[in-house]
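Two complexes are shown next, each including chain A; its partner changes from chain B in the first to chain C in the second.
Let's look at the complex of A and B:
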């Protein structure tokens, strides 16, 4: 069967690996582009959020390449993403495509449903559960390695002597990880990638600012949606960190009592889970402030409900903890130059603030 | 002196007010409602609220500000669930509302922000009332009695709506004044429309630019989701592959399908600009109407800049087109 899935950051490498090891043909949707966005926007509700529109575009482009089945995740709300599957399916039907969607819900909440769906994927190639578990574990490891290598680049880029070198080496690492199939090969590639990154010529005399990245998971993870924010900031000489990585998210959200720490940190400001990454945005900002970060950038799709609530509350957090927060709402109308200008201004202000603080300290 | 409890005339007010009013009065409290929405209330809300919020949330800020100087407590429960349906809750803005209000509006009187999570079981409503009573220094026994009275008032209110087929705003008026207004003469209506949307947009005469009245003047019988008995809505729920996550959106979606079955002449979906849940619901209704053939469907988006003339023109055009199609003109 030809199977596709949503494209998000670097995760397609792991998904492709899993689908291929289950004996199916993986149709990796083209990297999101202007075309993806305009296709998606054309066929989505006007006020659907950017991730919905980009996924719609993803699916349509994958269908052009012959995808027969779309695998995606569900959810229990109240973020809209949990209902994407239903509406995408209805829209595709309305456009006359026979493509089916397989929406995976939390295995803890609906175990039977989960097993049935996994079985539907395994059955055509007669793959046993034990074999599946092995493939799944390896794909999971791949996802973790991808995240680890990506996270490492954000600490290095602000120090690089030759602008763009980190990105070049990171892309090379991605091909290496993509090619690794066996478990020990993966570990080798992981080591190799980290060695390659360590080999980048660095200027350690610089004193980069530190900015925490928070917001809605898709626009945080997918560089096309956020205009390559973390790379842009890195090349401006800023260390960025984020707590949202796909492997981490999947783990937190399929366990019974995930994200305890974040909830605890957010508690003085927000006492209820509000879906999406709303509570993370508040909790993480508190954490970043405590750890001495210079600022926080919140990324959110236009009309994203949880992030709007978070934004309202963040004003207060920002005041109380003296940490500047800039919110960037993204939609199909947002331009790269506009975001870039705002980032430059924000970074300038943070640098000035730091200087003032240092003078005062002397 | 009696304690004064402030209830903003917005959001959940249109759905649960009779319950809370009776509850607080039985506890010997004075209930103060913010005045009906006006330009001033809206403007003060827009000024304070987070810019990206939808107009009902901005308006809510305005109503809270109206109450700020007048009351001892502001009643602002955190609505999490009000029935046992799986995965059904409220829009994230409702879930985070007390926190949002606290972060945005400084120096408010204490908020009563107890969590309404009736999914926990049939006794939760009583536990909730006892918790609220305790905040106000009342004995559990008094709270329980007040809760029972409140439930009776709420039932009566809901009965008025679906028996007399009036909108919640009209039913609230009747409850306030203890009188039943005469129903409008049936023969005046040539068409019936389902006007669907959140109770707090449709029933707020200012923010909906009095759409209900305008439609009636055009000879249209207005039907809303509240006029459908609960079990009929639940029956529609089974036709959907998955519940929507937002209580009010579920009501809208199910009512839309119910009224399509009932063969109404047209469906108008009233949404607020930038409303997250509505983006999904609107498309779902549109696709449903399309799949069933010729069901006229119109979407009206309102925000803080909505003008009366613009909405009236669209309503007139919609009504005219339908009358033309039915050969009435």
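Let's look at the complex of A and C:
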């Protein structure tokens, strides 16, 4: 079967690996581009958010390449993304495409549904559950390595002597990770990637600002949707961190235990689940403030309810904890100048604030 | 006498200021960009040169505004700064006690919060026009009223008609409907001013602590109707500084002065830059799926700068 899936950041490398391990042909959709956006906007409801439109465009591009099945995720809680899979399927049907769609929901909530869907993917090539588990674990490991290597670049880029070098090496690491098939190869490639990154010429005398990135998962993960925010900030000399990674890299490698602590941190401000990553945006901001970050950038698709609710609450968090928060709403615009201007101004603000704090400390 | 040149090239206007060493404004200029930033910059240089006393020598240049990078290449700038910072720098220099800056330009509107002269927070409109100057411009020309008289007309109204302020397109149709019903023009204009202010405070001003003294600047501050609507909505006095329309340029000049005091030299190409033949072109790079739109700037048919690509392939190319 020719199987495709949503393109988000670097995750396609792991998804492709899993699908191929299961004996199918993986159709990796092209990296989202202006064409994806135009196609997606043309065939989506006007009021849908940017992630819906980019996914729609990506599905259509994958179908052009012969995709027969689309695998995607559903979702729970009051965010409309939970219905996106169903709606995408209906729109594709209306356009006359025979492409089917498998929408995976949480295995803990709907175990039966989950197993049935996995079985549909395994059955054609007669793959047993045990074998599947092995493939799945390896793909998961690949995803973790991708996240770990990516996260490392955000710490290094602000120090790089030659602008663009980190990005160049990171892209090379991605091909290495993509090519690694067996488990021990993956570990080797991980090691090699980290060594390559450590080899970048750095100017450690710089004192970069630190900015936490929060917001809706798709626009946080996909650089095309957020004007390459983390790389842009890195090249402006800012260390960025985010807690949203597909493999929960942050959960294992940071000081807090993902979801539980985020909810705990958000509690004084927000007790309800508001869908999407709304509660994370609030909780993470509290964490970033406690960890001495200088500022937070919130990324949200235009009309995203969870992030709009979070934005309202973040005003209070920002005041209470003296951490500036800037929200960037993302929609169809592809002109980067507007975002660039806001980022530059935000970084100026943070630098001035730090300078004044240091003066006061003396 | 040393002078510092500040150039702010925005969507609607191009502003040029020359600041003396003592921080006085020796000359200032506000002209329309008319979608041709290169021509506007060259025209601005020509005009400001003619306005300057003969003994002024330009010792530094700063650029800001949405065409700041382009302008920097044309004139040889010492600093290139975003307009939010430039506006804040100017306001804290000219109105040192300012705590809140309301800034409405041609295509953007922003709020800047200052405490003790330092920016502590700001917000800028993102996907909504939020009552910017271009819209007022359009409405003035639709109603056949010179934009300069727009605000005074609003003040003549004894009442205001409610206009929907969220979206400029629907604001326009709301205005047309009210006109067709027979409402008085001055009342509609007053209503529009209130709608824009309402939208501004609800959009960029949302959740921001607006403390006096409040400074209102940017091209739209020329509109006394909007100023009045702000005073009414905020219940406090709103100050429009003397050089409200060229504050970005003042900020750029101040930043240039600061930079040159550190570097000791200027990159200014001289006023002769207004006579060079500049040309801009663009192409779509097919190197990868990003399909970046790369801009090329030519001086006398030679490429002197390129930008717009994400990977740096063109930007870093020696030209």
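By our rule, the second predicted complex is superposed on the first by the 351 of 362 C-alpha atoms of A that agree within 3 Å, B and C clash if a C-alpha of one lies under 4 Å from a C-alpha of the other, contacts with A are read in each partner's own complex, and residues count from 1 in each chain.
Criterion: contacts are C-beta pairs under 8 Å (C-beta built on N, C-alpha and C of every residue); 3 or more make two chains touch, one makes a residue touch a chain.
Every value quoted in this text rests on a predicted model; they were computed, and no experiment measured them.
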{"item": "Partner chain(s) touched by A:328 [first = chain B, second = chain C, both, neither]", "value": "second"}
{"item": "Contacts of A:315 with chain B and chain C, given as first, second, both or neither", "value": "both"}
{"item": "Touching partner for A:276 - first (chain B), second (chain C), both, neither", "value": "first"}
{"item": "Which superposed partner A:163 touches (first chain B, second chain C, both, neither)", "value": "second"}
{"item": "Contacts of A:79 with chain B and chain C, given as first, second, both or neither", "value": "first"}
{"item": "Touching partner for A:114 - first (chain B), second (chain C), both, neither", "value": "neither"}
{"item": "Which superposed partner A:47 touches (first chain B, second chain C, both, neither)", "value": "first"}
{"item": "Touched partner set for A:90, first chain B, second chain C, both or neither", "value": "first"}
{"item": "Chain A positions touched by chain B in one structure and by chain C in the second", "value": "302, 312, 315, 329"}
{"item": "Partner chain A, residues of chain B touching it in the complex", "value": "49-50, 52-53, 78, 80, 87, 89-93, 95-96, 98-100, 102-104, 115, 240-242, 244-246, 271, 273-280, 282-284, 287, 290"}
{"item": "Complex contact set, residues of chain A against chain B", "value": "44-49, 74, 76-80, 82-83, 86-87, 90-91, 94, 269-276, 278, 302-306, 308-313, 315-317, 329"}
{"item": "Footprint of chain A on chain C - complex, ascending", "value": "66, 81-85, 108, 118-124, 126-127, 206-209, 289-291, 310-312, 316"}
{"item": "Residues of chain A touching chain C in the complex", "value": "30-31, 33-35, 163-164, 167, 224, 228, 302, 312, 315, 318-319, 324, 326-329, 331, 333, 337-338, 340-342, 344-346, 348-349, 352-353, 356"}
